[in-house]
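Read from first to last, the chains carry the letters A, B, C and D; within each, the first residue is number 1.
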Amino acid sequence: MFPVQTAISQVFSDRILVRGYSLTAMAGTYSFGDVVYLLMTGELPLGQEGEMIEAILVACVEHSINAPSTHTARAVANTGAPLQTAVAAGVSAIGEHHGGAGEACARLLQETIQAHPTATPDELAARVTADFRQRGQRLPGFGHRFHDPDPRAQQLLALADAKGISSVHVALARAMVTALHEATGRSLPLNVDGALAALLSDMGIGWRYGKALFIIGRTAGLAAHACEEQMTGKPFQFAARVEAEYIGPVERPLPPRPSETV
Amino acid sequence: MFPVQTAISQVFSDRILVRGYSLTAMAGTYSFGDVVYLLMTGELPLGQEGEMIEAILVACVEHSINAPSTHTARAVANTGAPLQTAVAAGVSAIGEHHGGAGEACARLLQETIQAHPTATPDELAARVTADFRQRGQRLPGFGHRFHDPDPRAQQLLALADAKGISSVHVALARAMVTALHEATGRSLPLNVDGALAALLSDMGIGWRYGKALFIIGRTAGLAAHACEEQMTGKPFQFAARVEAEYIGPVERPLPPRPSETV
Amino acid sequence: MFPVQTAISQVFSDRILVRGYSLTAMAGTYSFGDVVYLLMTGELPLGQEGEMIEAILVACVEHSINAPSTHTARAVANTGAPLQTAVAAGVSAIGEHHGGAGEACARLLQETIQAHPTATPDELAARVTADFRQRGQRLPGFGHRFHDPDPRAQQLLALADAKGISSVHVALARAMVTALHEATGRSLPLNVDGALAALLSDMGIGWRYGKALFIIGRTAGLAAHACEEQMTGKPFQFAARVEAEYIGPVERPLPPRPSETV
Amino acid sequence: MFPVQTAISQVFSDRILVRGYSLTAMAGTYSFGDVVYLLMTGELPLGQEGEMIEAILVACVEHSINAPSTHTARAVANTGAPLQTAVAAGVSAIGEHHGGAGEACARLLQETIQAHPTATPDELAARVTADFRQRGQRLPGFGHRFHDPDPRAQQLLALADAKGISSVHVALARAMVTALHEATGRSLPLNVDGALAALLSDMGIGWRYGKALFIIGRTAGLAAHACEEQMTGKPFQFAARVEAEYIGPVERPLPPRPSETV
């Protein structure tokens, strides 16, 4: 059968190469952020992209128990599952409604600019915002149910401005905040997913890695919570606390089995 | 119902605190490795532990498709699952036989030294090695089916020596390599899990985080592979390549149903 | 906080009610297929739907190691993970390309008939087939990479005909096979997902349960394979057999770190 | 590379064989319980074991939202994940503290009787109970935090008695309830896991399938809940309801970075 193709790494008995570079030579000289950038783009950063990615990973690392992924990881750890099982369940809860908007937002930013390379951010923002409103959809990456503004987005954009990383995708994202405000009268600032999306786009990383970057950072928080739950969690402390309201049929006698009615 | 207790983080509308520190203030000033150390120990590093953790994460990040977790993540991505589902499946494959030995090895090192604080590394190594051999068990963290020596372990220990991090747990781990060689005549060098275990122990991190550290690093590799599979994978390229040898009963006619035999 | 609403079940200290019926009274008098029907529709079957569901579950139960979900479950069991972790990974691999087409096909059948209640199956089949061909998409539930015809689909449809269950959705599915043949010149018979989709639709079960029915049946096969792997599997027998072709950059020296270039 | 060995099934283009029997010939003539028994033992039942397994699957099918696995499946479905991802996360939460005791209990019953084939149930029960109490461990399969007695266990044992299935393992399990009562003064009746364990043991099924049987049945309930959550769940209704009590360090200023202190 044909072999499986990959451009990521090669393993030899005496060395491991990632995108052609020695993994062990990078350990201790390049940061984890540098290597994540290498994994995602194929090249080591020429500028401060590695530090920017480290900052993104830190910003994504932790949002306590009320984040659905963390709640899920702890709930599974609470059942006596091993650590990898609890973290895996937590990762699987990073979906469209939580942590996953970075992928959709990055795709929107990248495809919009690719399709209209000469338009201004304000023109594009007006068009994209109108499109989404016409379809009745929410723009991914804007607004947060708890933070207004999202301090993580503010900090990441300030860092990107200082590092000279902010470019056309950040400009479009900022123009969309203004366009959204004008169109709706509401404040829908960039959230951490939206900032992550704009920044990875301006660093030349494909939109498909938008969710990946959040997952990598958050995994550290999930692991810490799962370990804490293993050490200190009270039995059934998650599932048992849900107050359920039953809205189905009231108690009723069993009907005779169909075969018995013949 | 009683609240769920956690000592990890607090979320306010204008700020997020991790172990009491502002998450956004750390983003851009502290490394991801520093923050992982904070999550696991409760304190930011006073020395070079953050850089050591970054090196560990880099060493764990990637080992190509023949690692069971990477193979699993790609196999699930190949079915059309979303990224978080593929990465989650990959994380769930980091078990006792692959990537998970760091937890068992760290526990062994920490409990051995805690139980015999005044014994020398050589005395402890001889005792531990004899115990495992008597029970017919493999020592977790030693030997690798592919690498001899494991270049990742060598590099991590060299970095730890240079940073002044290597201490009693590293000494015990090294003594165990010698004791294993004397007892078995075979070369069973520290592998990446064993090096990780010795180093986190000498940095004051509890053994329970041994598997966690590997998971955090490897998640970046899993995500890169899952994205590559989504973009370039051929349909059914994993499951379909397994050659199965059927060793069960040959084809046979169905017996009459039990109820029909009455 | 508002309670979580559910219409599925209630648990009391002395009894468990599912859709109002005593669970323990059903155990031993109603089949598992009857209870699955109850869970999905809210009512126990009046006819032979429970037997039909049992037949569907049996048809979905097992397709050996080359099915992606089974391959994944065994690969994870091979790492030393507990049974639930291996089965969970297998379930997560039941996606759009494998086992999940039942949901999409059922939705297509149900929405097509709902939108055009008076059209004939042939009219609808011609329209649906033309729509998909125009968009360059494959119709979910038709054709199988290995079976032509799919013996499971044939058997399930024959049973449904005999039980008087086949109705408008089965008629539409059959008309689509003819329309596909006329449009493409190729034989694209109903596969097991497509048969399942037509049958659950004719039993009054919503399309959303299309994937669920496959998952429930296949879980038994996944569990049997995971147990077999735990008992007899050779170490690394899945991941290690993948032949990878590296197509990335050749080995290259590390560049100086960006900060060192300043 | 050597092929992967399996004794479970063979797939041909025109037929699928499970343990040598035609899958499609079984669909419609044998029950799902019969086929589960075939998967687990290698043979179709000669007596009423298939009906017993159907009753066990029904008894395990559903225990509402406060069961950790159901809670987890709904929490993940709530994030917008696809059905297979939600069900997988639920399955991964079937651990030692919830649903998984059947495996440990079956192993205990089978190994105890195998080691002492001529002892009476009362002798064995006294010995096993004393052993566990001496080690300070809970006996798996006895007692339930909510049901006393567990109506599912009662119903399953009554069915097994009526079908002539109850034999030495059921006798031992019942003797253990008496021994536990005498030793502790407390009522610790068989729970559903314990009944399942005793019954599968008396049907000649290996202990390793104890957790599997629970998983197969409960998957139907998990799928129904995940579908209900997809259709009616309110955003963030699980994670957001957890009241967390933060017990870590109070807010504190960031220390200078280690490198800056040099």
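General observations
Operating definition for what follows: a residue touches a chain if its C-beta (ideal position, glycine included) is under 8 Å from a C-beta of that chain, and two chains touch if they have at least 3 such contacts.
Small disclaimer: the values here were computed from a predicted structure and weren't measured.
Across B-D and C-D, the chain pair carrying more C-beta contacts is C-D. Comparing the centres of all chains, each the average of its CA atoms, the largest separation from chain A belongs to D.
Between the CA-based centres of chain C and chain D the separation comes to 23 Å, rounded to the whole angstrom.
As a whole-number value, the distance joining the C-alpha centres of chain A and chain D reads 34 Å. Measuring from the averaged C-alpha position of chain B to that of chain D gives a distance of 28 Å. Looking at chain D, residues 1, 4-10, 25-26, 30, 64-66, 81-82, 84-85, 88-89, 92-95, 100, 238, 240-242, 244 sit in touch with two or more other chains. Of all residues in chain B, those touching chain C in their complex are 64-72, 75-76, 78-81, 85, 88-89, 92-98, 100, 145, 235-236, 238-242, 244.
Listed in rising order, the residues of chain D touching chain C in the complex are 1-2, 4-11, 13-16, 18, 23-28, 30-33, 35-36, 39-40, 51, 54-59, 61-66, 74, 82-85, 87-89, 91-95, 100, 103, 146-148, 151-152, 154-156, 159, 206, 208-209, 211-212, 215-217, 219-221, 223-228, 230-234, 237-238, 240-241.
Interface residues of chain D facing chain B in the complex, by the touch rule stated above, are 1, 3-10, 17, 19-22, 25-26, 29-30, 34, 42, 44-48, 50, 81-82, 84-85, 88-89, 92, 242-252, 254-255, 257-258.
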